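The following blocks contain the structures, represented as C-alpha cells.
The following pair of complexes shares a single chain, chain A, combined with chain B in the former and chain C in the latter.
For the complex of A and B:
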C-alpha cells in the first residue's frame, strides 16, 4: 500500500501535468476541462471541511456555490451594463475585478452559512440533511423567479473578469489561477485538520458528549466549520461562473449539492485529496463517457455503488489500504 | 462545610410518572472518595447526568466549589472544574490515544480557536496530555489508534482524559465496568492515590473496589438516598442489607 502523502503528491502532479501537456499539444479544451475539475474540486474541498471533519452531511452546499456564482454574475452584470446596483440607500458599482468579486463571494457565502448553520445545526442526521436541502431549494426557486438577473435563463457575462497581471481569457492562465485557489483551499483544509480546532471538530463528529465533557462547545465548533466550508465553496462558485462566463439557477440546484457529496465519497470522505480525485474522475467520465452516451451517469452511479459497498475510504482508501472516517 | 467541594441539594428528576431521583443531597468533601451504590434502576445514572449537566433537574441545586452550577451547561460545568468519566467509554475511536488526551488538554486550556499550528506541536498541550497518559500507563501506546486498545486500556484512557482537565472534583461512572480482576486492582490502586488530588464521586458496582476505596458510601434505592456513612456503618446497616444487599447478606 502507498503512503497517503505520496498519493497526494501524485494527484497534484497529475493535475498539473494534464494542462501542461495540453498546452504543449495545443489542446485548449483539455485545459478547460482541467480548470473545470479544479473548480469542482475546490467546491468539494470546501464541503469536505464540514462533511469530512465535522460530519455535517450538507445537501445544501449548492447555496454557497450559487451565491458565489451570483456574486460574480451580479457584479459583472452591473459593470457590463454600466448601471450601478441601486439598493435605495446605497448604490453599488459593478466590478470586473476578480479580487473584488472573490471577496464579495466569500463574504456573502460565509454570512449565508452562518445563518443557515445557526438554524440547521439544531438538528442532526437525516433532519440536518433535509433542512439544508430545504435551504438549497429556497435559493434555487428564488433565483428562478428573480427576473432582474435573468431568472430561469441565467445571466451571461461576455468577457471573463480580470485579475491584475494576468490575461484570464488565456486558458492556461485562468487554469493557473483556479489551480492556485484549489491549492490554497487544500492548504486550509490540511492546516485546519491538524490544528486544535480541527482536532476538536473531528472529535465532535465522533463523540460530541466527550467534547462537552472537556469543556468545549461542539455546536460552536460545527458552526464555524460550516461557515469556513461555505466560504470556500462560495469562492469556487465565483470561479465556476467565470469559467463558464454564465450563471444560472442550476448552480443552486440540489443535484449540484448531491454531486459535491458524490465527489467526496468517490475520492474518500475526510481525506485531504479525496475531493480532488473525485472531481478529476467525475470530469473525465463526464467528458469521455458523455461523448459516447447521454446516460453516462449510470456508470458514475455504478462506481459510487461499488465504493459505498466495498471501499468506504473511497479511491484514496483503496490506494492507502486505510478506511476513512465514518460519517 | 468549607471543605465540601461538590454538593447536591434536594436534586430530583422525573421521567413521566417515574421519579428517577428524589431529593438527593450528597456532599463530596476534599480528599475523599464518596461512593454511590445501589441496585439497577436506583437512579445512579440519572444522578450523574444531573450533576454533570447532561440532564436538567426538575428541582434542587448542584454546587461546585461553593458556586451554584445548577443552571450551567455540561461544558461550563467542565470548565468550572468537574472531571467526568463515562460508564461506556466515550472516546474518539478513530483518533490516536494521544489525540484523545490532547482533546482534554485543549479543553482545559480553553482555547480551541486556533486554526493554523498543529495541535500535536503545541508544547503545553502535549506535555499535559503525555503526563496524563504516563500516569495511567498508556504512554507506550500513545500513537496507536484508540479503536485498537483493549477494553481495559480504554477505561484507563477514559480516566486519563479526565486527568488532563485537572478538575476540582471527579465524577466517575463505573470506572471498573468490564474490567477483570487484575484490571480492577490496577484501577483501584490508581484511584486510591488520586483522592488527594481531587475528591472522587464514585458510582460503582464492583463492591470489592467500593469497600476498598470509599471513605463514605451513599446508598441509593428507588431514587432516594437511604443511608450515608462510612464503610463500616454501611456494612452493618440493617436498612441497607434489606434494601440492597439482600436479606441474609
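For the complex of A and C:
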C-alpha cells in the first residue's frame, strides 16, 4: 500500500514528464493529448469541490464547462469579425486576450452556478441530480437553437487566443499554461478542504442536522461550494475551447456532465488527485483503445462497471487500500 | 390558427405523452420499489426497437415484432438486473448513476457493433396506416391514434396490476418496507427482478411502437430517457399516477410549445426573431416546467419522500 501523498507527487511528476519527453522526441500530438487531459482534469477538479467535499452529485456541470467555452467563443468571434457585441444599452468589444476571456468565463459561470444553485439546492438526493440535469438540458437546447453563434454547428475560432509573453500556438507553451491552471485549481481544492469552510462543508455532507445545530447554515455552505465549483469548471471550459479552437453545443451535453463524474470516480471520489488520475487514464484509453477499435466505449463501460462494483474508492482507493469518503 | 390544427396538435401531444408514460412507468416503479436510478432505461427502449426492426425485417409481421421487442427488452432487463443492478440497490445514488451510465456505453456501442451505425426502419403495418376521419372533419393518422389507445390501455392495466392483484400488493408493500415483506415470506430478490423486467418490457414496447414513426438507431433512447426522468420528477418519484399525469403534461408542453410559442411571439416581434426565440424557448419548455414544479414542490406533484 502506498501513501496518498506519494501517489499525488508521482501523478503530477508524470503529468510533467510525458509532455517534456514528447517535446524531446518531437511528438507534438502527445503534448496535445496531455493538454487535453489537464484541461479535462481541471473541469473535474472543479466538480470534485461540489461532489467530493460537499456531496452534491451534479449531473449538470456541463453548463459551466459550456458557458466557459462560449465565453471564449463569443468574445473571440466578435474580435474575429470586428463587430462589437451590441446589447442595446452597451456594446462589448470582442477580445483575443486569454486573461480577459478567463475573467469573463469565471464570472459568467459563477453567476450561473449561483442562480442554478439557489434553485436546485432546495431539493436533495435524486431530485437534485435530476434538476441539475434539467438545467444542463436547458442550456444545451438553447445553444442548439440560438443561431447567432452557430447553433448546432458551433463556432470556429481560427487563431488561438493570446496570453501576454507566450506563443499559445506552440503546443508545449499552451500545455504549460493549462497545467499551471490545473495546479492552481488543485491548490484551491487543497486549501479549501483544509479551511474552516471546507471542514464545515464536509460536515454538512455527512450530518447536515448537526451542522445546523452548531449554528452554521448548510445551505449557504453548499451554495458557496457550488459557485466555486462552477467557476473552476467554467475556466476549464474556456481552456478546452481554446485547445480545440471550437465551441459547440456538445460542451453543454449531459454526456459531458456524466463524463466529468466518470473522471472523478475512476480516480477516487473526494481525493485531491482523483480527477487528475481519472482524466489521464480517460484520455489514454480514448487514444489507445480508440486506435484499436471504433467501439472503445464498450471497454470504457466495462472498466467503469468494474470500478463501481468492485473498487469503490477508485484507483487511489486500490493503491492506498483505503476507501474514500462516501457520497 | 384553426381549431383543427389545435386539436391535431393536442392529439400529437397526447400520443407523445402516453409513449413517455410507457418509459416513465418502468422508471418510477424501479425507483419506487428498489430505490434505483436507472440511466440505462433508454438502452432497453433501444433494444426493444432494434429487436422489433430485426424481426419485422425477417418475418414482415408487426405483431411478431412487438412480441420480440417485449421479449428482448425483458430478457435484457433480467440479465442486467441479475448481473449488475442487483449489486447496486444498497449503493449510493452516485454509484448507481455511474454504473448505469457505464451500461449505456456498453449497450449503445454494442448495438452499433452488431447492427452498424446506419438507422434501421420499421414500417407501420397496412391495417394501421393511413389517416382516419374524426368527428369535426379532422384527418388524423390511424397509427398515432392506436398509440394513444395502446398507451391508455397499458396505463389501465398497470393501475389494475398495482392496485388489484397480489403482485401489486407485494410491489406496493416493497415500496414501504422491504424488510417486513421479506419477513412475511415474499422472495424479495425475485420480486425485484420481476419489477425490473416488467419495466424493461414496457420500455422495449415503447421503443418498438415509436420506432415505427421514427428511425431505429443507436442513441435513440437517451433523449426519451431524459424526458422520462423529467416526467417522473414532475410526477413525484415512485408514483404511477404522477408518472401518468407528468407524461401528459410533458408531452403536451413539448408538442404545443413547439408549435404555438413561435406563433405567440409573432404577435409582438418580427417573424425571424419570433421563430428563433419561440423555438429556443419551446425546446427548453419542459425543463423550465420541471424546475418550476421542483422549486414549488421539491418532491414532485405526487411524491411522498425524497
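Methods note: the second predicted complex is superposed on the first by the 327 of 327 C-alpha atoms of A that agree within 3 Å, B and C clash if a C-alpha of one lies under 4 Å from a C-alpha of the other, contacts with A are read in each partner's own complex, and residues count from 1 in each chain.
Please note the rule applied: contacts are C-beta pairs under 8 Å (C-beta built on N, C-alpha and C of every residue); 3 or more make two chains touch, one makes a residue touch a chain.
What you are looking at is a predicted structure, and each value in this text was computed from that prediction instead of being measured.
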{"item": "Partner chain in contact with A:6 - chain B first, chain C second, else both or neither", "value": "neither"}
{"item": "First, second, both or neither for A:122, with chain B first and chain C second", "value": "second"}
{"item": "Which partner reaches more residues of chain A (counting touched residues only), chain B or chain C", "value": "C"}
{"item": "Touching both chain B and chain C, residues of chain A", "value": "326"}
{"item": "Chain A - residues contacting chain B, complex", "value": "191-192, 194-200, 202-203, 206-207, 209-217, 221, 224, 325-326"}
{"item": "Chain A-touching residues of chain B, taken from the complex the two chains share", "value": "52-54, 73-76, 78-79, 84, 86, 90-95, 99-100, 102-104, 106-108, 110-120, 122, 125, 161, 164-165"}
{"item": "Residue numbers on chain C that touch chain A, as the complex places them", "value": "31, 37, 84, 87-88, 91-95, 97-99, 101-106, 108-110, 112-113, 222, 226, 229-230, 233, 237, 276, 279-280, 283-284, 287-288, 290-291, 294-295, 298-300, 306"}
{"item": "Footprint of chain C on chain A - complex, ascending", "value": "51, 57, 59, 119, 122-127, 129-131, 133-135, 137-138, 141-142, 144-147, 254-255, 258, 261-262, 265, 269, 295-298, 300-302, 304-305, 308-309, 312, 326-327"}
